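Below, chain A partners chain B and then partners chain C, in two separate complexes.
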Partner chain A sequence: MRAALAVSSLLRNRARTALAVAGIAVATAMLLDMVMLASGMRLSFRDLLDARGFQIRLSPKGTLPFDTEATVGDASALVAAVAAVPGVAVVAPNLGAQLIAPRADGAITVAAIGVVPEVQGDFALRDGRLPQSGEVVASPAALQALSRSLGDTVTIADGWDPQLRTVREAVVRRIVGVGRFYYLGADQPVVALPLSDLQASAQGARADRISSAMVRIAPGRGVDEVAAAIGRTAPRVSVLTTAEAVSQADERLAYFRNLAFILGSVSLAVGFLLIATLMTVSVNERIGEIAVQRAIGVAASRIVQQIVVEGLLLSLLGGVIGLGLGLLTARYLDHILGAFPGLPPEIAFFVFQPRDAFTSLGLLLLAGTFAGVLPAYRAARLPIATALREEAVA
Partner chain B sequence: MTVLLDAVNLHRDYAMAADAVHALRGLSVQIAAGDYVAIVGPSGCGKSTLLNLLGALDRPTQGAVRIRGTDVATLDDRAATAFRLTSVGFVFQRFHLLPMLSAEENVALPMAEAGVPREARRARARELLAYVGLAGRADHRPTQLSGGEQQRVAIARALANRPALILADEPTGELDARTGAEIIALFERLNADGTTIVVVTHDDTLAAAARRVVQMRDGAIVADERLRP
Partner chain C sequence: MLHALSALAPLAAALAFQLPPQLPTVALDERMRTDLGLAIGDTVELAAASGAPGQRMVISAFTRRTADPSEVARAEYKVRVHLTDLQALLRYGDRVDRFAVVTHDSSAREAAVRAINARAFGFRAYPSADIAVETGRTFAVINRFHRAIGVITILASAIFLLCIMLLRVEERRREIATLRLIGLSRRTVERAIVVEAAAIAALGAFVGTGLGAVVSAVVNRHYQALYRTPLVFSLVTPDVIALAVALSVVLGLGAGWLAARRLTGRAPLTLLGR
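On to the complex of A and B.
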């Protein structure tokens, strides 16, 4: 009967209850978004690294993969040595470079990745096939920027002379595939070509050099164990496991987590204050009614129970609506933030996990419970005779 | 005569900013089981204060209120609540029904608190509503009932847990003369059926219907007259 009374009390002033629920829903939505933001980039970064099934990254000593333009020489020997390490299944070296692609109105810069097509982990084919010597796979942004299609040819060069308005060391390559590049921005013109083709450019400056390599370990082998073995075999490179990379990224993302924590706390406080205010107003309006219930023998604990249940119901209703609202706003915000230039399309700021929803709802229900306790306790401790007299006078 | 209620040397002081207000000054009264007592007197003489003490809604500054031998003035909050739930029925001037509950649910509320099973309390609530003449209004909300009907529901609610004592504070105060007369007749019937009633009133007609009239002034009893056995 107490639950029914709690529901009836909330329905008595429907407009106020609806406004309170709307307020709680907004606070919950913000709370959920902040909880999602706190772990979202970390999770999506981890998923990005895991996407192609490589567990270890190698980069020139003292750098992080994708962080610099540094390269490491004598790459063939390095790759062979790493491939021979027990537990290593695949080594996928790559070389990054900035190339120039002329077009009718001048030229654009294109990111080029030299890969070993059969084992590469930088892109997935959306159309066409893997490149052989003299061929490239291009990103949709590159095709659009150069007004090209699958099967067309494209001219790429190592340099651009602004005085003569012409390119240097230009070569013509056929576009044999369209790829989705995992680690580069969706808006970025990219071409992938055989590693040997890229190493042969720049008048030999890139010969037998790579920027980094990804390592896939054999099933049943421990990542840390294999990483340590690679480190011993190849002291010239930094060896980074996915867990370490995520951990390092995590440190760099501390700003987001702190921001999310602060805004999430504010949302929770707003929700708490909203419920506490509503319950205080509601209890004050019902002092006489509560005194009468106490007079006819309703226990103080039952009054507390009813008011706390009212707070909980408000939190639950607002919370459930807020979760839906939070998911919608997260999707919208993710769309806005994901459009940031150069950001890999796989990176998401807000990643939904059921645990986040439970956390947000749980925190809000806890806040709702505590918010109802003080007004409930005050109502239960009313001096009954005084409250009845004041009600009669009123 | 079996004494149901024995109030001894009751004092009730209220601490005010300037000075203490002595609402009751050493009042003593005994009420027999099955009696029907009207407490009358001018406003501020302590009638309602006395009623609150008899019903364990308040505690005396000094003195004892023994009901069936138990001093209710010494009960802690939990015990006083249980006492009010099972031993006393309250009827208020403004009815004080819960607006979101139907007449039947209002009557059933004290039984629900006492742990009476749903079907049993529903049957008892229907029976009580029939007793007060509202058999056809069980599903009506208080706002759909007239003042007299609301007061009858409140009386049915007071009877829900078969209390030994009904305490009524100005039960006809908000009613017109005709409706008031219906309530007075209902109280007479209740008393005739064996319920002990103590009613605080300014209503001479209601007081005249009682078996005994206790007159108060300045926190003390100044007259105690038995009108009928």
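On to the complex of A and C.
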């Protein structure tokens, strides 16, 4: 009954109701987007780090993995020591370098990752097989930039020799696989090769050095406990768990979180104001009607409920439309932010979780309820006789 | 390369008169003054890696962070040392990562770039503007994102304004009906409503601009303190104010006109409920 009255009241002014619903829908869409933005980056980054089942990252002391050009020496001993720590199942060391790949019209710079192919967690094979000595796995961007395909050879060099006007330490490698590199941009030319091959380049400057290592822990072992044990065993490296890495990324992306909070709050405030204004005007318009209802014995509580239900219905209708609109705009906004240079394709800024939809809708319904409370309270306290007299005169 | 110096290990402060005069000098990030309690004249030891043999240096200056958006969220410190000292510390030999060239005037720039690229091998010369475009790609993305958010906000504002105007005008339907009944033309009533809507929108824009300036100041103060940077995060410029006011007034005019048309389209007696 209350719902039917509320619906008929909303239908009485269709244009106004439609506009209010549209306004609430846009506010909800914005709210949903901001709720998704606040947590999306963190979630997708965590998923990216977890993708290959490594829970701990090691990097040169005081640095983050691949955040600097720093490397750690005496790597074999380090890897062996970490592998011997109780609870460590797999250690995957890697070394990063910039190499030169000559081509007909000059040369391009290629990111090279030296890995232990059997345990690596930097790429997934799309085609072909893992590399052995003298072979590489290339990213699609590298193949395109070098006009090569699976099975071809590619020349890669360690750098330039200005005196001889040629590339230095050029070697020919066979492309045996095409890989999707998790932590590098999709448009970045990358090759992965056996760690020992990369360490042997640069005239020995990279000998027995690594940039970072990933650690997979044995089932049933606590990540923090193993990380602490590694920290004690290998004081030359920083030990970073996935949770800590996500927290570090969070710090750097505080801008998006804060933006999400500010715009989300503004959206909620706009939704609240819209419903409150609409309900206030609606009550003012229906003072006579409410007075008559009260005069024929309708309880004040029922009047309050009817007005609150009206606000709730508006919120619900606008909210549901807004959720769909929000998902569409989130996809568009994610597409814009996905163009960040060097951003791994797996990273998304807007990640939908049912919880986000419930949060947005819940907040909006709460705002709608509160927005209806004050006008409802005013309607319930209406002096019946005065209102009827004023309405009759009007 | 400078990032490799993150393993900076401060020594206990030493008095200036105790320092050997031949120690090289270093300029440290200003944040290190407060974070590590360092002062000019103190000695620090810089090493290429944690545990590696280091080089003692005397702090000769503290440098402020530049207003560089790409570095704002990076927490690590930057130190500046003489090139030869850094090359020696890193065992880098007689090598550099990059160097800058100043031409006599801008017309010589292109010629210089061409000449260097024709003769050099192993490196390329780029005009600074090209590098700025490349490094500005990140901010181009941010700009597009802000623009998209702006469009959504304008859409929400337009609907909100239209709704409010509609409610305001509808609330006064009896008054409008009376005006029509005493002889005011439909056009006069519409104009009055539109002028009123424009005035409300302009007033709202004025208040909103003030509110925006206050919020902008709060945002700047908060983030400048948080990131310890002179970077200005939010900038309220005359262009931005003009755009906001113009948009508000145009939206107000449009909303007022639509609301007025809706009401004046009905007969005065219908508006009075007769």
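The criterion applied here is as follows: the second predicted complex is superposed on the first by the 387 of 394 C-alpha atoms of A that agree within 3 Å, B and C clash if a C-alpha of one lies under 4 Å from a C-alpha of the other, contacts with A are read in each partner's own complex, and residues count from 1 in each chain.
By definition in this document, a residue touches a chain if its C-beta (ideal position, glycine included) is under 8 Å from a C-beta of that chain, and two chains touch if they have at least 3 such contacts.
Bear in mind the structure is a predicted one, so any value in this text is a computation, not a measurement.
Asker: After lining up the shared chain so the two structures overlap, which partner does A:M30 touch, if you call chain B first and chain C second: first, second, both or neither?
Answerer: Second partner only, chain C.
Asker: Please determine whether it is chain B or chain C that touches the greater number of chain A residues.
Answerer: C
Asker: Quick check on the superposed pair: does A:L333 touch chain B, chain C, both, or neither? Answer first, second, both or neither.
Answerer: Touch partner of A:L333: chain C, not chain B.
Asker: Where does A:A385 make contact in the superposed view: on chain B (first), on chain C (second), on both, or on neither?
Answerer: A:A385 sits against chain B, while chain C stays out of touch.
Asker: Could you tell me if A:P60 is touching chain B, chain C, both of them or neither one (first, second, both, neither)?
Answerer: So A:P60 only meets chain C here.
Asker: Check the residue A:G324 against both partner chains and state whether it touches chain B (first), chain C (second), both, or neither.
Answerer: So A:G324 meets neither chain B nor chain C here.
Asker: Per the contact definition, I'd like the list of chain A residues that touch chain B in the complex.
Answerer: Interface residues on the chain A side: 1, 5, 8-9, 11-12, 288-289, 292-300, 302, 383-385, 388-389, 391-392.
Asker: Can you list the chain A residues touching chain C in their complex?
Answerer: Within the complex, chain A contacts chain C at residues 13, 15-16, 19-20, 22-23, 26-27, 29-30, 60-63, 67-70, 72-73, 159-162, 165, 236, 251-255, 263, 267, 270, 273-274, 277-278, 281, 284-285, 329, 332-333, 336-337, 339-341, 394.
Asker: Which of the residues in chain B come into contact with chain A in the complex?
Answerer: Per the touch definition, chain B meets chain A at residues 48-49, 52, 55, 57-58, 77-78, 81-82, 84-86, 88-90, 92-94, 96, 98-101, 105, 108-110, 112-114, 157-158, 161.
Asker: Residues of chain C touching chain A in their complex?
Answerer: The touching residues are 1, 3-4, 6-7, 49-51, 73-76, 120-123, 137-138, 141, 144-145, 148-149, 152-153, 155-156, 159-160, 162-164, 166-167, 170-171, 174, 226, 262.
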